[in-house]
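One chain, chain A, appears in both complexes that follow, with chain B as partner in the first and chain C in the second.
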Partner chain A sequence: MAREATPATEPLRVVGRAIPRHDARDKVEARTLYAADWQMPGMLHGAVLRSAYPSARIRRLDVSRAAALPGVAAVLTARDVPRNVLWTDVPGQTSEVGPLRARLVLLADGVVRYQGEPVALVAAETPEVAQRAVEAIDVEYEPLPGVFDPAAALAPGAPRVHEEGNLLARWQIRCGDVERALERADVVIDTTYRCQMVDHAYLEPEAGVAWVDADGVLTIRASTQVIEHFRDVAEVLGVPHNRVRVIAPYVGGGFGGKEDVTVEVFLGLLAWRTRRPVRMVWSRQESLLARAKRHPFVLRYRTGAARDGTLVAQRIELLGDAGAYAYLSALVLLYATVTACGPYRVPNAEVQARVAYTNNPPTSAMRGFGAMQMVLGYESQMDQLARRLGLDPVEVRARNALHKGDRLPVGQQIETRVAVIEAARRAWAGLGPRVAPRTPHHRVGRGLACNIQPYGRIVWLHDWASAWVGIEMDGSVVVRAGVPDIGGGQASALCQIASEVLGVEPAQVAIHIADSALTPLAGTTTATRQLYMSGNAVLAAARELRARVLEVAARLLEAPPGRVELREGAAVAPDGRRVALAQVMKECARLGVPRSHLGVYHAPAGDPVDLARGGRVFPDYTFGAHAVEVEVDTETGAVAVLRHVACHDVGRAINPQSVEGQIQGGAAMGLGYGLLEEVVVEAGVNLTTSLGTYLVPTALDLPDVEPVILESGDGKGPFGARGIGEPPVGPPAAAVANAIEDATGVRITELPITPERVARALGLLESPAPGRA
Partner chain B sequence: MPAVPFDYHAPATLAEAVSLLGSLGEDAKPLAGGQSLLPLLTLRLVRPRAVVDLHRLDELRAVRRDGGTLEVGALVRHRALERGEGPLVLCPLLQEAAALIGNVRVRALGTIGGSLAHADPAAELPAAVRALDGTILVQGAAGARAIPAEEFFAGLLTTALRPDELLTAVRLPLPGPRTGHAVEEFSRRAGDFAIVAAFAVVQLDAAGRVAAARVALAGCGPTPRRLDAVERALVGLAPSEEEIRRVVAHRPLEIEPDSDVHASAAYRRHLAGVLTVRALARAAAGARAFGP
Partner chain C sequence: MTELAIAFTLNGERRALRVPAHRTLLHVLRDDCGAVEVKEGCGEGVCGTCTVLLDGEPVSSCLVLAPRVAGRDVVTLRGLCEGDALHPLQEAFVAHGAAQCGFCTPGMILTAYALLRERPHPTRADVRRAIAGNLCRCTGYTKIVDAILAAAGPGEPRDGA
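Our next item is the complex of A and B:
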């Protein structure tokens, strides 16, 4: 690992250290109780009947045979759900799109709109009986015409997925005079790119256990990124919000797939109905079949530049596939729209973005959330530009990179350092000397891709997080924060911050997370926001607490207040005299000085902006660059990534080991996206519902990704940190595409970059591409 | 997902197993290493009423050399083939083919008999046995049969085995002098089933010309395919890579690949050509290394 540190404003003892996470050992030694590991006495097992058709009317739904099976406790259909709808807020820029479009039907009511849509729920004494009951439900479907491509969905006369029409959301950005700028540009690169639908494919499929507790509160312990879905469960059941509690144990991977509700509502319904604990674990097949996925996009880029490589204009058209239900599509499209021009100055820009309903599996949040799909577009364009003008790939990016104080085409001014140029240089140089091809039919090439990814939620969501920090009478520290830890080290980073401020060892800090009843609410573990948001909340709480404790300690030490420090579990005077924290706490108790504090952090907030007029959309952004070296077999089209250097400015690495983990994991996921993964859907039928057909890379398929951490010290998180959860997934696919052109001279514009696509581009195959390839 | 419940039998002898299968008929499935059957059970793609576990049948574990042939028992694991344990070392093509199966956990359990009986069109061992001109030995209630590999693989996941028959062993002719072999496989990920794989055996005469050549392909149709026209055309040639390339390019490949989520038929056809050349060239180089 390479690390470029800038001097901190204050000397740090714990922040910045690569401390092993407290949860790591438990996980490796199989002590972590994941959602599916939870057992309760008298527990039932839940299962879901899913639609076999992507578009059909339910003519008859008869559960009597299933309900009569011995061991079946409940069979529920739409009729049994008190309020069978979840609403999510869909902002949309044009009046074509109304606000109430994000209706999610929990159990199909008369029609099914995608294959795998939940139709009925079962709870039974064993998983075997539950499965038998699912198979014993009689459903008669009348297949209806469907629409499986977003362009076809928007054509006149297309079958309507929902009554209101198939256009789900639309955003646009306009700045400058694109028409004129493109006319005057020395070069214009006009290319259409396509990226595919992919799955989160986390190790831990969706799972949970729910029970009605002794106090009558419905308690749901589930694998989720969002404990605040307790409100949605309450709405569905028609009970007050404070009667539902959601607990998130350590999560075995989220990546956005557990941002929307998955099992929680179903568990809630079954436990509420049966008054018994119910466990539900989705199989890998169910998870791959039906849980919301990443949006495929068609991206058309027309990029104009001057002869010296300076960008003069971007005209971009985006079309995304929302699948059958809205989920978070409108927001995903917003991220895409705002970042479509990349980390570059573009004086004249136009982005027209639409997302349409189809009868495909629904799409929603996934690491990178619309912004990552854009990297293929803007970075392929930059590379084509460099090639056309004979410029070095780093140089063309350096000439156009944003700087602090510049405005994005949407009008938002960048308030922090933009380290794109350093990142590009470091990543490119990190590749070292070129390797020689192994055989005469191999070619080796290199590619670069930079990116911009927001961290923190959209400013008009008025995001906030709270966290409680307290010091026990023995001087140990407790943190309470409603933060789901989805494997990124979210909890341990908060311990590290509390430890830093309160001068105790990290092992002296205990943390309680992700219980909507007992931990202060901290918002979602999504949008690269928890370190930023909850980190700031813990920092605020710990600092306030420290100030109070120091005042009491100064009196005990008879030292001037302001000169006493907390370290090694003690308060220390300038002359070295010390008093143990435990003793200070006793004094606090005697004096009635509170020994805990609830910190709240409010992110910069704003009003919804009309993107066409412009304004601030996100709190801030993270920038980075990846460089890869690939080897292409020119007889088969196979691509092997030989080296991968990934560099991001994280502002401040609270825990460099966790940052490296995010960068390496993100790069691996990005390479899987670039080279292997695709949810293949034919006429609405998902053909990739096992890990034998849905190909995620294994350790044998990936190079060692070398992370390079830049620390500009300039971010909006604690100690100047920026978010790093999502950013590293963005650049790999584009970097590989660029490297392939460097190696072979052919440009791949469609993901994943399968050997077959490369072979076709190389002219190795005579027959035309089949329909979907 | 849990499998649909089934009855479980673990007979102690081959005779008992065969008579059990005879009485259970089509509703029973033999279980060997379980590496194909168990996934099919838990995905509920097969729902047998009974499973007949073969693990107690030690007589199916034997490996015997008998003059110029090697007899490999049905329960011999992929891992033993890969490592060339005992007399298996005499059949290096099998060794190279087995090493490409799945991952080490799969190889530690999967068996040659299971792989041949399962007859996956992309599997290594069926095509390897075809390239080796092997014979499949089976035992049923009505007695034993020896079926040439060519007739054994009848169609997609379908063999000449009758429901009451067990595959007991495979008999392979041992390679003669100046014989080289090679496997060239293409898959999307390390350890995956092949998209296409080519299995080649080349025997040279004393003058360094091809005395006999055999090449079989996996992933190019419902059953493993031999390229008869290519094999015949090579005989008598000095097998340089260019010569092999020329021969392969000018013969239509007698294959009928399908399209699926991993590759189109056209791409499989292309790969078949590339891998056939590579496998034959490497096999020929191996044969030359024996010297005259």
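Our next item is the complex of A and C:
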């Protein structure tokens, strides 16, 4: 690892240390109890009947045979659900679409809109009986015409997926005079790119157990990124919000796929109805078939530049496929729109973005959330521009990079340092000497891609997080925060921050996370926000607590207040005299000084923005760059990534080992996206519902990714940190495409970059590419 | 449904139970033996999260029918721990940050254990080949490979087959 150290404003003892996480030991001993590992006495097993058709009317739905099977405790259909819809509200939409209130139907009510849509629920004594009951439900479908491509969905006369029409959302940005700027540009690059639908494919499928506890509170322990779905469950059941509790155990991977509800509502319905504990575990096939995926996009970029490589205009048209229900599509599209011009100054820009309903699987949040798909567009364009003008790839980017104080085309001013070019130089240099091709038919090439990714939620959501920090009577520290830990070290980073401020070893900090009834609410583990938001909340709580403790300690030590320090579990006077934290706690108790504090952090907030007029959309952004060296077999089209250097400015690395893990894991996911993965859907039928057909990269498909951490010290998180969860997934696909052109001279514009696509581009295959489903 | 009586050893302890003939070893371990340290990631032999050692060989327990283990020896990750002490592979996984969400970890460590027994000083390429049947979605594998090589300790790596 290479690490750029910047002088710290305060000497740090624990923050910045690559220490193992507190959850690691349990994980290597396999003691961590994931959602599906939980059992309750008398537990029932839940199962879901799913639609076999992508578009059909339900003519008849008869559950009597299923309900009569011995061992079946409940069979539920739409009729049994008190409120069968969840809503997504999206303010700030353009007038044509109108303020969006989009519907997600929980159990199909008369119509099914995608293959795999839930139609009925079963709870039974064993999983086998539950499965048999699902098969015993009589459904008669009348297939309806469907629409399977977003462009076709927006054409006149297309079958309507929802009565309101197929245009789900539209955003636009305009600044300057694009028309004129493109006319006057010395060079215009006009290319259309396509990126595919992919799946999160975390190793832990969706699962949970629900029960009604002794106080009549419906408790759901489920694999989720969002414990605040307790509100959704309460709405669906028509019970007060304070009667539902969601607990997230350590999650076996999320990546956005456990941001929307998965099993929670179904578990709630079944446990509430049967008054017995219920477990539901989705099979891998179910997960791949029916859970929301990453949006495919068509991206048309017209990029104008002056002869010296300065960008003068971007005209961008985006079209995304929302699948059959809205989920978070309108917001994903917003992220895409705002970041579509990349980390560059673009004086004249126009972005027209639309997302349409189809009868494909729904699409929603996935690591990178719309912003990552744009990297293929803006970084392929940058590379083509460099090639056209004979400029070095780093140089062309350096001439256009954003700087602190610049405005994005949407009008938001960048308030922190932009180290994107430093990242590009480090990544590019990190590739080292070029390797020689192995054989005469191999070609080796290099590619670079930079990116911009927001961290923290959209400002009009008025995001906040709270966390409780307390010191026990023996001097040990407790943190309580409603933070689901999805494997990124979310919880242990908070321990490290509390440990830093309160001067105790990290092992002396215990943390309780992700229980909506017992831990202060911290919001979602999504949007690269937990270190930023909950990190700041823990920091605020720990600092307030420290101030109080130090005051009491100063009196005990008869030392000048302000000169006493907390370290090694004690308060220490300037002359080295010390009093143990436990002693200080006794004194606090005697004096009635509180030994805990609830910290709250409010992110910068703002009003919904009319993008066309512009304004602030996100709290801040993370910047980075990846460089890859690839080898292309010009006889087969096979591409191997030989080297991969990934550099991001994380502001400050709270735990460099976790930061490296995020960068390497994100880069790997980005390479899988670039080279292998695709959810193949034909006429609404998902053909990749097993890990045998949906290809997740193995250890043999990937190179060692070398992480390079930059620490500008200039982020909005604790100690100047920026978020790093999502950013590393963005650059790899574009970097590989750029490297392939460097190696072979052919430009690949469609993902994934399979050997077949490369072979076609190289002219090795004669038949035209098959049309996309 | 045919039920069969089977007996096998699980982490050194004898287990005797009646199971339906079609039940997988994974199912028996998790649901009949409470061995929830064995994870199910796909149920169809692709992801490796359900790996156990069957007579010392790593197998995907979701592909093994329970009656086939009668009289044989099954070891899960729990079987590698002795009292409070961690196995060097477990130590290395902690030290290198090789477990993120941790869901792939039990299978990964058992596969690595079998590799190191066969080949105490593997090359990086050997390690990558050995774990190719164990998917990890979080780490990108680099830290896992680092951890396995660290657990192997210094020694003459020999080229893999």
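Just so we're on the same page, the second predicted complex is superposed on the first by the 766 of 773 C-alpha atoms of A that agree within 3 Å, B and C clash if a C-alpha of one lies under 4 Å from a C-alpha of the other, contacts with A are read in each partner's own complex, and residues count from 1 in each chain.
In this text, a residue touches a chain if its C-beta (ideal position, glycine included) is under 8 Å from a C-beta of that chain, and two chains touch if they have at least 3 such contacts.
Since this is a predicted model, take the numbers as computed values, not measurements.
Steric overlap between chain B and chain C is absent once the structures are superposed on chain A; the two fit side by side. Contacts of A:283 after superposition on the shared chain: both chain B and chain C are touched.
Of the two partner chains placed around the shared chain by superposition, chain B is the only one that A:766 touches, whereas chain C remains out of contact.
In the superposed model, A:756 makes contact with chain B only, not with chain C.
When the two complexes are laid over each other on chain A, the CA centres of chain B and chain C sit 40 degrees apart as seen from the CA centre of chain A, to the nearest 10.
Taking chain B and chain C in turn and counting the residues of chain A each one touches, the greater count comes from C. In the overlay built on the shared chain, the residue A:700 is in contact with chain B and with chain C. By the document's definition of touching, neither partner reaches A:439: not chain B, not chain C. In the superposition on chain A, contact of A:690 is made with both chain B and chain C. The overlay of the two complexes leaves chain B and chain C separated by a minimum Cα distance of 5 Å.
For the contact definition in use here, the residues of chain A common to its chain B contact set and its chain C contact set are 283, 690, 692, 698, 700. Residues of chain A that touch chain C in their complex: 18, 20-21, 23-34, 36-37, 200-205, 250-253, 255, 281, 283-284, 486-489, 657-658, 660-661, 664-669, 690-692, 696, 698-700, 702, 704-705.
Chain C meets chain A in the complex at residues 36-44, 46-47, 49, 76-78, 81, 86, 90, 93-95, 97, 99-106, 109, 124, 127-129, 131-145. Residues 1-2, 5, 43, 186, 188-193, 259, 261-264, 266-267, 270-271, 274 of chain B are the ones that touch chain A when the two sit in their complex.
Taken in their complex, chain A has these residues touching chain B: 127-128, 131, 283, 285, 635-636, 638, 676, 678, 680, 687-688, 690, 692-693, 695, 697-698, 700-701, 754-756, 759-760, 764-767, 769-770, 773.
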